[in-house]
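After this come two complexes, each holding chain A, first together with chain B and then together with chain C.
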Partner chain A sequence: MSVLLRAAELVKRPVVTLAGDDVAQIKDVVYSSATGELAGFTLNGRGVFAGPMKKTLPWSSVHGLGPAAVMIRDEDSLADRHAFDGELEGAGGAVIGSVVLTQSGRNLGAVTDVILSVSEKITDAVGYEIEPSDKSAPRRQFVPLPDALAVSGEALILPDTALDFIRDDLAGFGAAVAEFRSHLGKHDTQPPGESGTPAFDRGETTPPEPPSYRPAAPGEQQ
Partner chain B sequence: MWALRLGNSRAARPAEPFRDAARTGSRHDEGPARLVPVRGEFAVDVWQWIVLVVGVLILLTAVFYGIQVRRRRGSVMAQRSRGIRGGRGSGGRS
Partner chain C sequence: MIRFSDIVGNPVMDTSTATTVGKVEAPIIDPVTRRVIGFRVKKSKGPGDVLLWESLAGLGPDALTVSSADQIAEAPAELKDRSGKKLDVLKRAVLTDHGHPLGKVRDVEFDPADGRVTSLMLKDSFVDGTRLLGIGKYAVVVTG
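Our next item is the complex of A and B:
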């Protein structure tokens, strides 16, 4: 069972220990652009005048993610800022506001949010909420993401087939993501920038019922 | 050297004739006489100092708060790994 939620909704959510101590506040939601997996959060201190903290919260240390707070066992669950360094070597960037382009060069719009699929095993980015560049389109649309993402310096690149799976609301978007990824797997579409690896080469199967995407475990990935 | 200068400072000299003029009520010297500080103090009341200090504190607080708000602003960040990323080698747009 997985739940879709907007990543921006997690920003400013308090981080609370199981002992009830309110130790921090979510600043940035950080996910891997290669796999879409949620890596964790950077943190702000508590209080009006508190700035960003030097510690971060890896997703693996999160005990529970609720609508009111992000729960951790204790303050030892927080890691130092180097916890993300391995993946940050390629540098990171704010996704919100970036332009979404298809492989054929069509501008779909600007990202207003990232849709996360949260399950007990893993949480990853499955779609973008965009503000379409086409003014005749609805104000908000949801674009599914492939299994392996492509993020350039300025734009987010999607396969052309993503156009067929754009939805106007979150209801049914999980099914669209599953269909889209299944479609990519059948047609063996490669994400741009990745030369030799098919998008669906991990031997995993897409479960039939949405939202049922089960990404490979970290050990299985390249 | 310094003591000599202070004792014969130029600032002290004009005050005496102006005070004399004020005492005598000479109409000719009436204007300059008003410039003489009566008690030799800078005429700012305590409440004015308080307003000034409080105003500066409010200004500094607003500036500091604004800076902190900018530093605390969050977003959704993508980590660009080397294998997938095209384009720039490093550096985000945040």
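Our next item is the complex of A and C:
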């Protein structure tokens, strides 16, 4: 099962050991510069006045990633700060804010967030949330990423075919990514439809409350 | 099976003098063995405030009994943190090992014969005691 979520939602999420102690919280997301895959996280200490930590959390050490916490086995799962030398840090780094161009030179907009696909073992950056340059377009759009893409510098270049797979909401985006990648001749993504529901709502939704107001039946006056 | 809510606040009676020597404040659970290993006692008349499972003379629905008030002692060094308030299991958030929140611990059910934790009771669900992985200062972690 894979779920889609925005990388920015992970920021400030606590890092909890299996023993139940919160040892850190997510400061930022780090992407591998070669493949655009999630490399890991930089960390802040817990608490209001805690600053950045020297330790980092490589993705390979993450035990589980859920709506309430990032779980790790124990504190030894944290690596030192040099683990990510040469990789790209998300916010303030090269990814957020850079311009998305198609190969034929059309400006699609600026990246506002990265969409991650999270399954049991693999997490991959599957798309970008962009603020479209076209003002008549919806406020947010989602563009799919090819399986491997060099993310660096000021702009990101996407194949022209990516235009057909832009979506306005996350709900249909999982299928669009899979379709887009198979279109490019890469078949190692999840089958479409598996991530058809907005992932971060899953498990947190409560069933709708029955209406509390009930008209008094005749003869049932207070 | 006994629930924490049944015994918290109950008196600890000294059977040699038939006097109250304290009140049950909170049970202490070892997440590795998944057993209740003792109780923290308030208003203790003994030398400390921890009553270990081995030191109990009896565990009944209305009182815990001890052979003398001296059984309520200081926590052994390895249990100093475990017996503290900061690691109490009641009202602590429960997370699965995949980071999903399940709710808060409302009550805990355990076997009075050996202290084995049989289930954690949340608002509207149960977590089997065998799923317990850890009890930390942030959360209780259970297998998903």
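The rule is short, and it goes like this: the second predicted complex is superposed on the first by the 175 of 222 C-alpha atoms of A that agree within 3 Å, B and C clash if a C-alpha of one lies under 4 Å from a C-alpha of the other, contacts with A are read in each partner's own complex, and residues count from 1 in each chain.
Definition applied: a contact is a pair of C-beta atoms (placed from the backbone, for glycine too) under 8 Å apart; a residue touches a chain by one contact, two chains touch by 3 or more.
Predicted model only: the values in this text are computed from it and were never measured.
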{"item": "Chain B versus chain C as contact partner of A:A68, first or second or both or neither", "value": "second"}
{"item": "Contacts of A:V48 with chain B and chain C, given as first, second, both or neither", "value": "first"}
{"item": "Partner touching more residues of chain A, whether chain B or chain C", "value": "B"}
{"item": "Which superposed partner A:G105 touches (first chain B, second chain C, both, neither)", "value": "neither"}
{"item": "Contacts of A:A7 with chain B and chain C, given as first, second, both or neither", "value": "first"}
{"item": "Intersection of chain A interface sets (partners chain B, chain C)", "value": "none"}
{"item": "Complex contact set, residues of chain C against chain A", "value": "31, 92-93, 95-101, 133-141, 144"}
{"item": "Residue ranges of chain A in contact with chain B within the complex", "value": "7-8, 11-12, 26-34, 39, 42, 44, 48-52, 84, 87-96, 98, 113-114, 148-154, 157, 191-194, 222"}
{"item": "Chain A residues within the chain C interface of the complex", "value": "14, 16-22, 63-71, 203"}
{"item": "In the complex with chain A, residue positions of chain B that touch it", "value": "64-65, 68, 71-72, 74-94"}
